[in-house]
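Structures incoming, each one as structure tokens.
Heads up, the next two complexes both have chain A, just with different partners, chain B and then chain C.
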Partner chain A sequence: MRLRLPHAALRWGLAILVLHALMAGFGPLVAPYGQAQMMAGMPIEGASLAHPFGTDQMGRDVFSRALAGGWIVISLSVAGTLAGVVLGAAVGLFAGTVGGWADEVLMRLSEAFLAIPFLIFALLIVSLAGPGLQGSPGLLVGVVAAVYLPRVARMSRAAALEVVARDHVLAARLRGEGAWTIARREVLPNAIGVLLVEFAVRAGYAPILVGTLGFLGFGLKPPTPEWGLMMAEYRNLLTTQPWAVFGPGLMLATLVIGLNLFTEGLSAMASRAGPGRGP
Partner chain B sequence: MRILRLILARLVASAFTLVLVSVVVVVGVQGLPGDAAARILGREAPAAARARLREELNLDGPLVGRYLHWAGGAVRGDFGTSFASRLPVAGFLGPRLLHTLALSALALLFYVPLSILPALVQARRPDGPLDRAITVVTVLILSAPEFLSATLLLFAFAVIWPLFPPMVQLTAGMGWGAYLHMLLLPAATLGLLLATYGVRLLRESLIDIHRADFVRMAEFKGLSDRRVLWRHVLPNALIPWMNATALNIAFMIGGVVVVEKVFAFPGFGSALVDALQLRDLPVITAGVMVAAAIFILVNLLADIGALLASPRLRTLG
Partner chain C sequence: MTPALEIAGLSIAYRVPAGWHVAVEEVSLAIARGEILGLVGESGSGKSTLGQAVMGHVAAGAVASGRVLVGGTEVLALPRAALQRLRGAAVGFVSQNPTTALNPAMRAGAQIAEVLRRHLGLLPDETAARCLELARAVGLPDPPALLGRYPHELSGGQQQRIAIAMALACRPGLIVLDEPTTGLDVTVQRQIVELLARLRAEHGVAMLHITHDLPLLATLADRIAVMQRGRLVECGPAAAIVRHPGDGYTKALIAAVPDPDGPAPAPRGGPALLAARGLEVVFAPGFLRRRPRPAVRGVDLELGATETLALIGESGSGKSTTARALCGLVARSAGQVLYDGRPLAPALARRRRADLRDLPYVFQNPDASLNPRRTVAEILARPLAVFHGIGGAEARRRGARALAGVELGEEHLDRLPAELSGGQRQRVAIARALLAEPRVILCDEVLSALDVSVQARIIELFLRLQGERKLAILFISHDLAVVRRLAHRVAVMQGGSLVEVAETDEIFTRPRHPHTAALLAAIHRLPKTA
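Now for the complex of A and B:
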């Protein structure tokens, strides 16, 4: 879909993102209760002015917890996406520049990784990492990066192939420069626009990936107030106190909508396909 | 004959990818640095127990031999014995996979009308109020995490308006009607989640094709709107839609994990998640391979379908 006014999408997206950034940055400071404070209210209270998302089984204020989760979700998503785009771009630009058998091997390998459905791939990494690493933020960043790496590699290889046909690359080759140097000095500056949009598109899905892993029990560990994990924790409150489930869900959904609108506007200007489903 | 050669080339490439995936997965599962037995049992487990597990899981010896051992079993349908349930992996995963296939088939029945009808409505009056309303709804569904949408539907149709059970329970002797009743809500959820992407894509191509010269020509000839739509616009718009559907089915393999978790559906996805949680290596290896094989097969079929459907691709060398 292309909103007819890309700037409107960009503006709305930006507004939502700024709001989320403010909530993530200052929310915990102005939150009505401490995120781990028990008996902030009676256990399992419904939504009210005092507790916008109600309280949980231990009487913790769900809204204060959700506010505290913002910066966790955002920083994990940004770090994972950044790592995935940087590593993927390095692999893709190198493959596209060097060509030949190295390119062939890297692309076949990326095809094999892409044939494993991404969520299953992510769960597999967490499982194989073992109990020692499970639940650590570093592993989660690595998982997001690993899911994005082969995807970004293919995109940036395609971008590199367009650039390597140009004269200045030929000149660099004739000067006898190595593939890695050419990729960095000649190809990267010309592919940077593609990579930035790539980063924006991928960043839009990263919070969902982080949340899904949390929801399935493969992400951060309780009592971290990560939104997907909170939704799983409060699942059995669905009939009595649904706000505990849908409050954190609302935070996650609005963050993703903001990211997607922003990217929609950005990609409409850069005339690349906007965000679809999946990473 | 050119088309046969093209199809054959795709077949060979797909088979190669599948083998490569199996190498990546088996090596990843078995060959990671560190003691896999210790990862399963924990570091405190006695050395004898770890050694027994290593032996049972075929964790000793060179990697190449272990891969060949696994592949030799796999081609005969023997994926080893589940470490948690002590059942043969194939016998354990098979029935779960059948439930999931039933769920997916039912989801496709929801998917087709849910993705075609809104797009037809939208393309009738692009940028009209209905078009915009449907666009907003699809963008909202696309942006929401699957586990949130699925939980919302569960909340609406199993809690607020309890038409369906909140948890799927499948028993051996249950009748077809009861089985269908259990599957309906998760299947509708899965179909709806997948349909949104199809709607967006189909709307675009319907509008594009409506502007194409050959459609204009048909209109100038005086054909009725309906005839133009059914004979000229829809068949052409459905080719990219079919491709998107293939991608969607591939996506469904991952999405099914989330939907099965939300509805506590005892299918392939939840079996795989359980195995991953328990580090049940034989089940993990087989499950990931099944998922990858389905993904590759669906993409292969989509490619072949596109080859057969497109006259341009058919004659292109």
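Now for the complex of A and C:
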């Protein structure tokens, strides 16, 4: 079958994402300066052809640093989202399939977590993790996953409830299969479309969460060139060398816009195509 | 005088990935004023596409050529606005499912009134009077009360009567009916057919009646047209078509129709393998309903080890619930289920695996009972893995053998359910049930979605299986002709209770309960070939 990408949002989103992927993958290799190279130019230089985003207080090239940060932001976001969606889907599909008190407990628990604003919830986890773990990429992945887990769980439970009423699930129950087997074999393949869209939607907001935590000082530690952290580091340069803040901000904004355009196009296409054969 | 409908050289083709699919090919036919033409054919024969073309509707992406004249007006070339004036006014349409055809948020009377207002511009008091007149014409009891109800407050038969009243509202010269009685109970079906015959006699309206039910057309239609793969293979007076079919396909179609007066299998004795004693099922009461009414109460049933017991009755009589309580899909609230002399637990989770293996359930709708994301091989492998611990190549080999048993080739193993026809899917579902090597299978209306030719093959399959191995079958059906061919004994249910159980011939020739007699009276019969 011919691959067609008819939706404009999808095409634009994909173009931006490809650009970002290329920058994250090859940017550090072709960057004009090393990301940690001090005195690449004079300290606090404005934007120029030599330094598109100018330089910082130590004369590091902000553009080269921003290029180096791309793969960090993207890999943390994707890993965190993936963990959150996989765990959330496991909880939600199981709850929806098993029903009864286990479902009640799991769902009330996720609602309790959902009641906490997500940023406060994230900060809570970082503080609870203690100073030993703070600043580690693993913790950040865990935070993104933990924020998404209850949201994805609720959504996949709803998707599961629609599937478990079907006769092929009843047939599996009649064979005496357990809830976990049924969730995996009968429900998951029929909810996979919803889960993929969910993954794309969540991945679209994950860079903001990673960036926000970095900006607030709860994310990675300096001198990691993570975009949120860079914006925090350079915010006192805002009046003298605004490109040091705008540059990383632009990278973050375009990545998020690209992801969301892509997701929008994807769900528009999915709703038009209707339920079809799975991947 | 112009005929009510004239179709000349009509072809309709759809764009599909591999080119064009011709749904209707060079069909020509005419319906005289006041005539009922029955259009019969199996699923996929193009009969519904033809019916929609008469309404001037050709699906997006399809191309039509030829002419369709309704009362002398060419509908295929008609602009949108003129087509809307024509629909409802000059030609009415009644669809298979009145539940989805009627607007659930509008009262029945308002829906009929809307047709009158739009097409005839009647004043409110004229509209009201005409609505009552129409409701009486379609035989609705107590029209003023029923017209004030919403569709969900009406029975299926009453909903279909409302839909017919809407089609009739502007006194059209032609009504297109697409499987109008398929989803209805046999007794209601009978009433609707009588209504259609009366409306034709009283109003002189011509009808194009599309159905797969040949015996029904034999009683109702003046002429019958037979379609196969988009082509009109035969068209002629109903009696002549049924008695002396000229075309080979028509002959096969008629031969596949089960005979409600044929011989029933000889009764088999023997001790009961599966039995219900005082079975009762009560569903949890709704939010506003105080007293739950039992869906099934006081049912005593016995099924012999090599016997087929048919369970018949109208929809809502508790047939499916009884079967589901037997296999544990719904928990009974009282009574006992005995299997091999041992009581079975009400809940599925408390039953032994061997008991689950012995009592599989085959669902009515194979579209829902097969996981759409698994191949046939994977679907067939499940009972083998769960009950017999067989996997891998051995499971595949047994799957292929099971498919051969239901007359499907090995090449179907790697297909998804969506790539099979409805009949093939149901055969896969039956093969899956049999792979567990059960002693009883519970079949819930397994033939109702299938074409008669497929139906006939599955009936033969069941008879053969029962001859080959010890197998008891609980066969839920509303099709009494099939029941007579297949069942040793028949149990009749009404309102959740069992009203009569007897040997098949006994039920058909000497029904004791009035409800059994009413069900039998509703059977349509093909006239006997001379």
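Annotations
Criterion: the second predicted complex is superposed on the first by the 265 of 279 C-alpha atoms of A that agree within 3 Å, B and C clash if a C-alpha of one lies under 4 Å from a C-alpha of the other, contacts with A are read in each partner's own complex, and residues count from 1 in each chain.
Simple rule for what comes next: a contact is a pair of C-beta atoms (placed from the backbone, for glycine too) under 8 Å apart; a residue touches a chain by one contact, two chains touch by 3 or more.
Treat the numbers as computed from the prediction; the structure is a model and nothing was measured.
Looking at the shared chain after the overlay, A:G176 reaches chain C, while chain B stays out of its contact range.
Of the two partners chain B and chain C, it is B that touches the larger number of chain A residues. Contact with chain C, but none with chain B, is seen for A:E186 once the two complexes are overlaid on the shared chain. Chain A residues in contact with chain B (one complex) as well as with chain C (other complex) are 1, 277-278. Per the touch definition, chain A reaches chain C in the complex via residues 1, 166-168, 170-177, 185-186, 189-190, 192, 277-278. Listed in rising order, the residues of chain A touching chain B in the complex are 1, 4, 108-109, 111-113, 115-120, 123-124, 126-128, 130-131, 207-208, 211-212, 215-218, 228, 231, 235, 238-239, 242, 245-246, 249, 252-253, 256-257, 260, 275-278.
Against chain A, in their complex, chain C makes its touches with residues 17, 327-329, 348, 351, 353, 356, 359-361, 363, 365, 368-374, 382-383, 386-387, 416, 418, 432, 436.
Residues 16-18, 20-21, 23-25, 28-29, 32, 34, 39, 42, 127, 135, 138-140, 142-148, 151-152, 154-155, 159, 166, 196-197, 200, 203-204, 250-251, 253-255, 257-258, 261, 272-273, 276-277, 279, 284, 287-288, 291-292, 295-296 of chain B touch chain A in their complex.
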